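The structures come next, written out as structure tokens.
There are two complexes below, and they share chain A, which is joined by chain B in the first and by chain C in the second.
Entry: the complex of A and B
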């Protein structure tokens, strides 16, 4: 099985506190993070920072599906960031789709993590996502099939770096329980590579 | 949603910038009519491009769908431009809300690309009064470091020129849209390539800066945006803000912009050609961006500039040490500046302070001192005062008369440039 190639360019934007251009295979996402910053009074929490996420598709206005990705990434980031350190403030995470080759969600999650790391905001742990595809031949693969119709189901699983627990999970399509468990295990194995890549990039950018 | 207020420009930043302009310096070391570097990268999808103008970054994507045409124009396709100011570009931009800035940008781009009839809309018609292609250009601003308009107009044009729509055939009743794999997609018909070129106006036209940065944009009195194509045809003109500019200045600036427009259009065409060649071999698209490392120059630039600033100060002190009358001491600064103008016209302003940094400038002063010192110094300041007069009165004749009275041909040359 061919390994997914990860590439990234830190601090590609000058305005956000942390930013990254992240490539997972051919999928590309730009992420930027501002934080902690001022927050609207009605949105402020007295005990922790409000984590907000904006996802922009590259064409058209954001639809229901994009809102779903947004909340998925926000929830992941919220668990990872130490929000209690910044009460009455906000952390904004912005994501911009650049190129989609079916691994968009996992790429966006990884980009969000890289943006957090590059901004230097406090985190409890890193998080990394892996997409697995179930082809119509009932085969689990990590590289996206070329033809859309070949995909029977899709799994996006987000892990944390300390104990390898699952932070979030997104699936599309039909699959059996066994297939899901199998997908989790191959994603877990691949996620180690993602964390390795994160660490290597940070060391290279020192 | 965020509620971050716009960053306010402080008074010291403002005066620093204006003071530097008076010495013909820009904070990033560019000459007044120098533009930042344009970079164009195409994605793997048709009609997707990432453009950076200096640190300002924009991504544009063209998409198309079949629609019913407008009843007023039954035989023409539809072109929509949509600039989106995302919070990623600057924290005070709000998502999903139209701001005044956004509406203005949209309209200016529309004026430049749509109203100039650059895109052939008739070729987008499938069946008269029933089905036409609606082309939509989404421009997402990623990083706001000034002059979004130029960057967005380059991105929109490059994306449109790169875009290909799927072919449609009709067998009597049924319309069939062929996917890109079935039939070769069709490129857009573009009559001419118009781009926007923006200038910032300070002190009612005394200083006109090409391609303003964010700080320059905020400090400027007004902005002049000129839409031009490669044939030097005007496709839109907008003067925003408050400035009383004379028509001559606008014409002069438009002429300068014309040269820039043709070079930008050439760059767009080259980039598309280059992309078509790369496309045959690999389809990685934006992944190339990840491997590219921008040279780290942001910090250096500023420190270089600040170095110049300090040497300038030192120089003045040295001159004041020279034995001169008290009145002249103040004016010594000014001849120094007039001497600076010459190299400025020829090239960048950066070189100027460096050249007469230590040795040269002082040597010059020393020789002049020994030969006919007092006369030289008294005379020089006069024309400098007159330069201010020109800007105030807006009449060249008056100034020329004054000059002739002074009989200083040397100074007149400078004014003409």
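Entry: the complex of A and C
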């Protein structure tokens, strides 16, 4: 199985507190993080920071479909960040899709994690996402099949770095419980590489 | 006394109950609330159903309209689901444009319809590239008491089963549409998706079919949708991390609900005929 190539440029933008250009295979996302910053009164929590995520597609305005991704990434980041350190403030995560080769969600999640790391905000753990594809021939692969119709199901699984537990999960298409179980284990194995890549990138950028 | 305690220390109140393996409403961790389904409740819609899951109430109405298929998929119709969370259903919602939560849930329902393949879009085509049905599936939540997606999916299946589409004669040469309202056909429903919501309390206790109080206090939500023996959605948007065994345990628990829902649907559709 060919391994997915990860590439990443840290601090490519000057204004955000943390920014990153993240490539996963042929999928590319730019992420920027501002925080802790001022928050609107209606959104403020008295005991923790409000985490907000904004996602922009490569063309047009974000639609209803993108709201689901936003909430997915926001909840993932909220769990990982130590939000209790910054009450009555907000952490804003901006994501800009550059190129999508079917691994958009996992790439966006990884970009969000790298942006958090690069800004130096307090985190409980890192999180990494892996996309697995179930092909028409009932085979599980990590590299996206070239033809859309060959994909029977798609799994995006987000793991946390301390104990390797599942932080978030999103699926498309139909599959059996055994296939889901298999997908979890191959994603778990691949996720170790993602965390290795994160650490290596941070060491290289010291 | 319990009432004051509940409002002052809601989390502690729940913890005290859960440490005795029972929930404040008398259920154990993996029991579901009673479900009520009424089909064909709205005469003016082409298909409709009302579902209650404990206190959670959702009305689903399906309206069919004629439209032109997209050029890239000339033999497919459209399905447009939309969930409305009006201020009536919970103090959390304000009047105005749809809240983020309503948009996220609408999209989740759309994904479930797509993934479960319960509607084959080619069934909605009348004449390739010229005429197709567009099904507007509107959900209105009347009482927001947790596990809204579950209630929506039950109402969705109930409503789809009652859809009657009129026969349409289309003359391509003259571009003439004739709708025969007396002669109708049912919409083929290819699978029955069954959705189950779980809440994670205190990072370890998993509660099936949570009420809105449990959803607010818990640290994570999981939505699992099954169709027959296959899974068609495992949605866990962040929240407390779970081991894969715990997640598979949830899938196993949600399997218990499938035969129950099937029986319910059968009974509910009997009186409609």
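One rule holds for everything that comes next: the second predicted complex is superposed on the first by the 206 of 206 C-alpha atoms of A that agree within 3 Å, B and C clash if a C-alpha of one lies under 4 Å from a C-alpha of the other, contacts with A are read in each partner's own complex, and residues count from 1 in each chain.
Going forward, contacts are C-beta pairs under 8 Å (C-beta built on N, C-alpha and C of every residue); 3 or more make two chains touch, one makes a residue touch a chain.
It should be emphasised that the depicted structure is a prediction, and the values quoted were computed from it without experimental measurement.
Room for both chain B and chain C is found when the two structures are superposed via chain A, with no clash between them. Contacts of A:181 after superposition on the shared chain: chain C is touched, whereas chain B is not. In the superposition on chain A, A:172 contacts chain C only, with no contact to chain B. Judged by the touch definition given at the top, the superposed model places A:8 against chain B, while chain C stays out of reach.
When the two structures are aligned on the shared chain, A:144 is found in touch with neither chain B nor chain C. By the touch criterion stated above, A:28 is placed in contact with chain B alone, chain C being left untouched.
Working from the superposition on chain A, the chain A vertex angle toward chain B and chain C, CA centres, sits at 120° in steps of 10.
In the overlay built on the shared chain, the residue A:54 is in contact with chain B alone; chain C does not reach it.
By the touch criterion stated above, A:43 is placed in contact with chain B alone, chain C being left untouched. Applying the stated contact rule after C-alpha superposition, one finds that A:128 touches neither chain B nor chain C.
Once both structures are overlaid on their shared chain A, chain B and chain C have a minimum Cα-Cα separation of 8 Å.
On the side of chain A, the complex with chain B involves touching residues 7-9, 12-16, 19, 21-23, 26, 28, 30, 32, 34, 37-40, 43, 52, 54, 56, 58-62, 90, 92, 94, 96, 98-99, 101. Within the complex formed with chain C, the residues of chain A that make contact are 64-65, 67-68, 70-72, 74-79, 158-160, 163, 165-177, 180-181, 184-185, 188.
Per the touch definition, chain B reaches chain A in the complex via residues 1-5, 43-45, 48, 50, 55, 57, 59, 61-63, 84, 86-91, 95-96, 136, 138, 140, 142-145, 283-287, 289-294, 298.
Of all residues in chain C, those touching chain A in their complex are 100, 103-104, 106-108, 111, 114-117, 219-220, 222, 227, 229-244, 247-248, 251.
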